[in-house]
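The following block contains the structure, expressed as structure tokens.
Chains: A, B, C, D, E and F, in written order; residue numbering restarts at 1 for each.
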Amino acid sequence: MRPSGRQPDEMRSIHFTRRYTKHAEGSVLVESGDTKVLCTASVEERLPGWLRGKGQGWVTAEYGMLPRSTGSRMGREAARGKQGGRTMEIQRLIGRSLRAAVDLKALGEHSIMIDCDVIQADGGTRTASITGGYVALVDAIRHLIAEKKISKDPMRTAIASVSVGIFEGTPVLDLDYDEDCNAETDMNVVMENSGNFIEVQGTAEGHPYSMSELQAMLALAEKGIGELLAHQRAVLDETL
Amino acid sequence: MRPSGRQPDEMRSIHFTRRYTKHAEGSVLVESGDTKVLCTASVEERLPGWLRGKGQGWVTAEYGMLPRSTGSRMGREAARGKQGGRTMEIQRLIGRSLRAAVDLKALGEHSIMIDCDVIQADGGTRTASITGGYVALVDAIRHLIAEKKISKDPMRTAIASVSVGIFEGTPVLDLDYDEDCNAETDMNVVMENSGNFIEVQGTAEGHPYSMSELQAMLALAEKGIGELLAHQRAVLDETL
Amino acid sequence: MRPSGRQPDEMRSIHFTRRYTKHAEGSVLVESGDTKVLCTASVEERLPGWLRGKGQGWVTAEYGMLPRSTGSRMGREAARGKQGGRTMEIQRLIGRSLRAAVDLKALGEHSIMIDCDVIQADGGTRTASITGGYVALVDAIRHLIAEKKISKDPMRTAIASVSVGIFEGTPVLDLDYDEDCNAETDMNVVMENSGNFIEVQGTAEGHPYSMSELQAMLALAEKGIGELLAHQRAVLDETL
Amino acid sequence: MRPSGRQPDEMRSIHFTRRYTKHAEGSVLVESGDTKVLCTASVEERLPGWLRGKGQGWVTAEYGMLPRSTGSRMGREAARGKQGGRTMEIQRLIGRSLRAAVDLKALGEHSIMIDCDVIQADGGTRTASITGGYVALVDAIRHLIAEKKISKDPMRTAIASVSVGIFEGTPVLDLDYDEDCNAETDMNVVMENSGNFIEVQGTAEGHPYSMSELQAMLALAEKGIGELLAHQRAVLDETL
Amino acid sequence: MRPSGRQPDEMRSIHFTRRYTKHAEGSVLVESGDTKVLCTASVEERLPGWLRGKGQGWVTAEYGMLPRSTGSRMGREAARGKQGGRTMEIQRLIGRSLRAAVDLKALGEHSIMIDCDVIQADGGTRTASITGGYVALVDAIRHLIAEKKISKDPMRTAIASVSVGIFEGTPVLDLDYDEDCNAETDMNVVMENSGNFIEVQGTAEGHPYSMSELQAMLALAEKGIGELLAHQRAVLDETL
Amino acid sequence: MRPSGRQPDEMRSIHFTRRYTKHAEGSVLVESGDTKVLCTASVEERLPGWLRGKGQGWVTAEYGMLPRSTGSRMGREAARGKQGGRTMEIQRLIGRSLRAAVDLKALGEHSIMIDCDVIQADGGTRTASITGGYVALVDAIRHLIAEKKISKDPMRTAIASVSVGIFEGTPVLDLDYDEDCNAETDMNVVMENSGNFIEVQGTAEGHPYSMSELQAMLALAEKGIGELLAHQRAVLDETL
């Protein structure tokens, strides 16, 4: 039995609020159960130095947790004077995943920064950041098209992400914090809507996992990501 | 005429959402017009080193802006590796103001950290942080009393804060971003409910201000803070 | 009775030594009682990036305390790897105040950095920095005029600054360290020679202050700043 | 055809030099083709604060590249004042993987730091660090046993790591730099000698990969890791 | 001919002002020609961690230049967030030299920090710091004896320092800035009053120097340091 | 008797391995007894800003110790976020010494970075870095000539470096770690092949040293450096 009472293959409820803030070109509050992440997409004309003049754009991401998004307060990274290793690892994953969804040549010389800030954490903040960041990214791209700054849609595919794991011996989908702390294995999966993988990161926390466990987890991930992609499509079909 | 169409002595609408997040002992989303700040109050047993064993508590604050809370994206302070001067100045003001509302002896050896994170900025983020931070602080104190960690309410007074300024020659109350950018003078006032001052900070942006302008601004501030204190009382009277 | 035996409205002796060091375009040792601050004004051709090509100049300030300017040694900020919040708050105040005295358009594309380094601290280092920084700034401007780099004097007004407070229930002028530690209220005031305010920053340390106390303090500040402005005029009339 | 002329399932030659340096409790130069990494294991009595008094030990890792281990010189992280995101991500992976091989309770209150410093880079530095770090770790554990600081061998399993990828449409084993730059997919796999997974990290660089490609890559990884584990056993059986 | 008109073996005038500031246990302004350095000696009870409980004391130094102590303004190290290599090299030299003058066992568990801050630079700031730092150190030691915190004078010897060099082919004593910039060789020498060496640091700036040039420079240094030691004795014999 | 059994004027064995790594233009492992330092010379077209357009080149150095190059592990400077004072002092010495060997005008607008990374430390790492760095520098210069990027050899002289000291009252050559820890005086000497000095840095660790001791140490240094220069010539005469 999962602590939340969910079935092993049952996702938490997911909810997207587009235009959550007014300044950003894309701005989405994604809520996955009690996990709440604000994803904004900011269009900037300035490219990183090593990309200038190459006729292509860039998509990257930064991630942060508000100090009291967690059960006990975490020190503010700005006050400590550096981003921790976990933060860096997560924001590199988010950026890499979202870049895989975009044809950077077709984006032209624009750069899009995805900021993912965790308002409330209950497990799965990095996968929610990718899933919500995708929606913010699409809104920013639509803004660029509406402004006639690019003529052709550079989105190559839709992507979403979910975590899976082995909890008390059973493969489960979409771990919350209580499960995440006690899972024997924790795997984050990013897929596109063809069903192919963008990223698979699976870590044995308690004991190593077998090939059949790996396959069971990937099957759950495929199911969950399918649901997330459907939610994304639905919310992006709404007119704002 | 003010850009917003408000009267010179008219506040923006103010709204407090208590228990906005689930982990913090106090957690308030304060919305003042389009300015939105999440204020959390975290109780910690650990005191700063220089206060240990002195039989008193501590209240302090940290402030941050989400990178895209503003019209154009600001670099993330955690990524730049330090908090800027404006951030430091603001969080010192918030901490100093809230400390003035508390009897630190009566608080006992507990420390309360107020985190003010700006979700969306439209002028007045520091005054909203103080006004909302007060509500979060009271909730954290009530938590300490409910947990029987302190026996007596250490709150000495209620406080709230508002900005006033001279805009196109006229003293105005509660400046939004459009006014703030163009104001000749900008003053932040923190008052307690007796009508006395906790902090007055007035800066001539365009031209120096006279004593009568100062007095006109302070009178507006007193009116506005009176309204804020009434809103705070009302929201704190609600049972959660 | 004040610890120093001064009357409530009595300033400490003030003394300016122009050309205190030989390299800077303006260089003034300001002594206010036992507080000693070296203020240098350095002319640089290089403007901050965001100001280039706008046909105007810039005035800014940095502040530091020598490690043993104080009763017990403070850690050296260069060794700790960052400037503290108090330092940042003070240097922002100094820069803002001195900028208010200058017509930046008339200054042309020159930048002037005011460095205020505290040799010995006995209260009032920030106000002494502003008062002395003004003299150093005027000397640097005169240097620019003598060098024919600007043709017209860009100084709009003279400014000076003093602290006032409530000490043992009485409003007093120009607090020294003993008073500053024990004051119920501490207010720093910057005025120009018309008697208008550039900056007012008043903080209730012990208990909130009333409107009449505020007015009493501002009246004392006006008296003290008038004396400081006269001293500045006298010392600037001397030929070096 | 692979640039190196190797078969798709052919590893580069691997070589371990134990006691490569004289000070560390474990010290191994691992050479995988032209990739050379020095792995040292340092035993320290000091545990991280949050682990003290819990009756268990700790294993962690740090990773660095010598500035000219690469084709063009990389800035020295010590001179830039921080470790980059890639460095942090890699050293977290190394530490997590090696911890999975150790029973931390049985290790007792000792901490072991694995330093992996890349002398020469030609692809696969993180997997070589794990594979070589395991050998250094075993030598440090043997040192602890020889010194009678622990009585029972805390190693739970042997681990090794290899990269696999899709290069020009073909799944290949043990990518060198030329392949790594051009691979469509890059996957790092850490396994234990039972054939179970410690960590799987697969990233689509060029295009998303299918489940069958994933399985082909994992099969190659299993083959390669089997060979690495045999090499480790052989070198650890030698008497020094 | 030297730019200053001095003879090759002629020192600049040297002047010490003891009790230059009021807070430090030792506080000396040392002026060597136009070079002015404020040296303070601060007694602290707190020892560095690695020295605690060893029954001995510590002497160390920090060095800084005020931003406009030099002909063109140098960036403030506190604002840049780190001390430069030159600063570190100099403060290590000062600390090492002054420690050589003290019997650290006899000092007992006290630590003395020598802060050397350059008010005005005209060459020879590091040697002036050592020579002036010695006087400040003796005053701090006398303070400890007067306070009966130590019973026996821990000073082992007197030390002083001077620079020598080869300027236009001629060995010269006590280089000022004009000479320092153009010297072919620059050597800093620290000696004790027995005539033995504490430190010799000679750098060929323009061309390598021969043994006979080295000996000529050391002879000049011995003469100059003899004069400095006499000045130190005289000023320390004065009653304050 | 020296701990190593060497005669007072006896060097440790010295060994150079050229082309130790494959990427750098010059790459030398220098072994002096148990001290092992990897010196790489990297040619870069980018000059420091203040040198651009001056028609000359630049040579500089960086130094680092691998964390476990020493008997007990040292914290990694990249992880601590700054280079320590000893590191800075050493890398400045290496850069200054190697620059003295090169005609920077003849080098043209190329910059050469010498990285000295200590693999294993047993005393004398800075002198080994200079001696080995020279060999790497010559190889990089030869590379530039072979690539026809410069037409004329810019090397002015050969340089090498050794440490000398007073150990148990006797002047000794080429101190290893055991001697270095206990030496009364430690002196690092850099000479060119004419027998002139590039740098002399002598520090009294235990007691001040006399002129005759200084001369005895310099005579030993001259002998040792003569041997090192012969070794350098021999290894550079080999065809690779």
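Heads up, the rule we're going with is that contacts are C-beta pairs under 8 Å (C-beta built on N, C-alpha and C of every residue); 3 or more make two chains touch, one makes a residue touch a chain.
The chain list, named the UniProt way, goes like this: A, B, C, D, E, F = Ribonuclease PH.
Computed from a predicted structure; not experimentally measured.
Peer 1: Can you list every chain that touches subunit A and also touches subunit C?
Peer 2: Common contact partners of subunit A and subunit C, which must touch each of the two, are B.
Peer 1: Let me check something: if the centre of a chain is the mean of its CA atoms, which chain is farthest from subunit C?
Peer 2: D
Peer 1: Can you grab the rotation angle between subunit D and subunit E? Superpose on CA, round to the nearest 5°.
Peer 2: The two chains, subunit D and subunit E, differ by a rotation of 120 degrees.
Peer 1: For subunit E versus subunit F, which are copies of one sequence, does the interface use mostly the same residue numbers on each side, meaning over half shared, or is it different?
Peer 2: Over half shared, hence same.
Peer 1: Need the CA-centroid distance for the pair subunit D / subunit F, whole Å please.
Peer 2: 33
Peer 1: From the mean C-alpha coordinate of subunit C to that of subunit D, what's the distance rounded to whole Å?
Peer 2: 59
Peer 1: In whole angstrom, how far does the Cα centroid of subunit A sit from the Cα centroid of subunit F?
Peer 2: 50
Peer 1: Can you tell me which residues of subunit A touch two or more of the remaining chains?
Peer 2: Residues 81-82 of subunit A touch two or more partner chains.
Peer 1: Counting only chain pairs that touch, give me the topology of the graph as line, ring, star, complete or other.
Peer 2: Shape of the chain contacts: a ring, since each chain touches exactly two and the loop closes.
Peer 1: Circling the ring from subunit B via subunit C, which chains come up in turn?
Peer 2: Listed around the ring from subunit B, going to subunit C first: B, C, E, F, D, A.
Peer 1: What does subunit F use to touch subunit E in their complex?
Peer 2: The touching residues are 82, 84-86, 88-89, 91-92, 96, 100, 157, 187, 191-192, 194-204, 207-211, 214, 218.
Peer 1: Given the complex with subunit A, which residues does subunit B contribute to the contact?
Peer 2: 21-24, 27, 34, 36, 38, 40, 42, 44, 62, 64, 66-71, 73, 76-79, 81-83, 87, 113, 115, 117, 119-121
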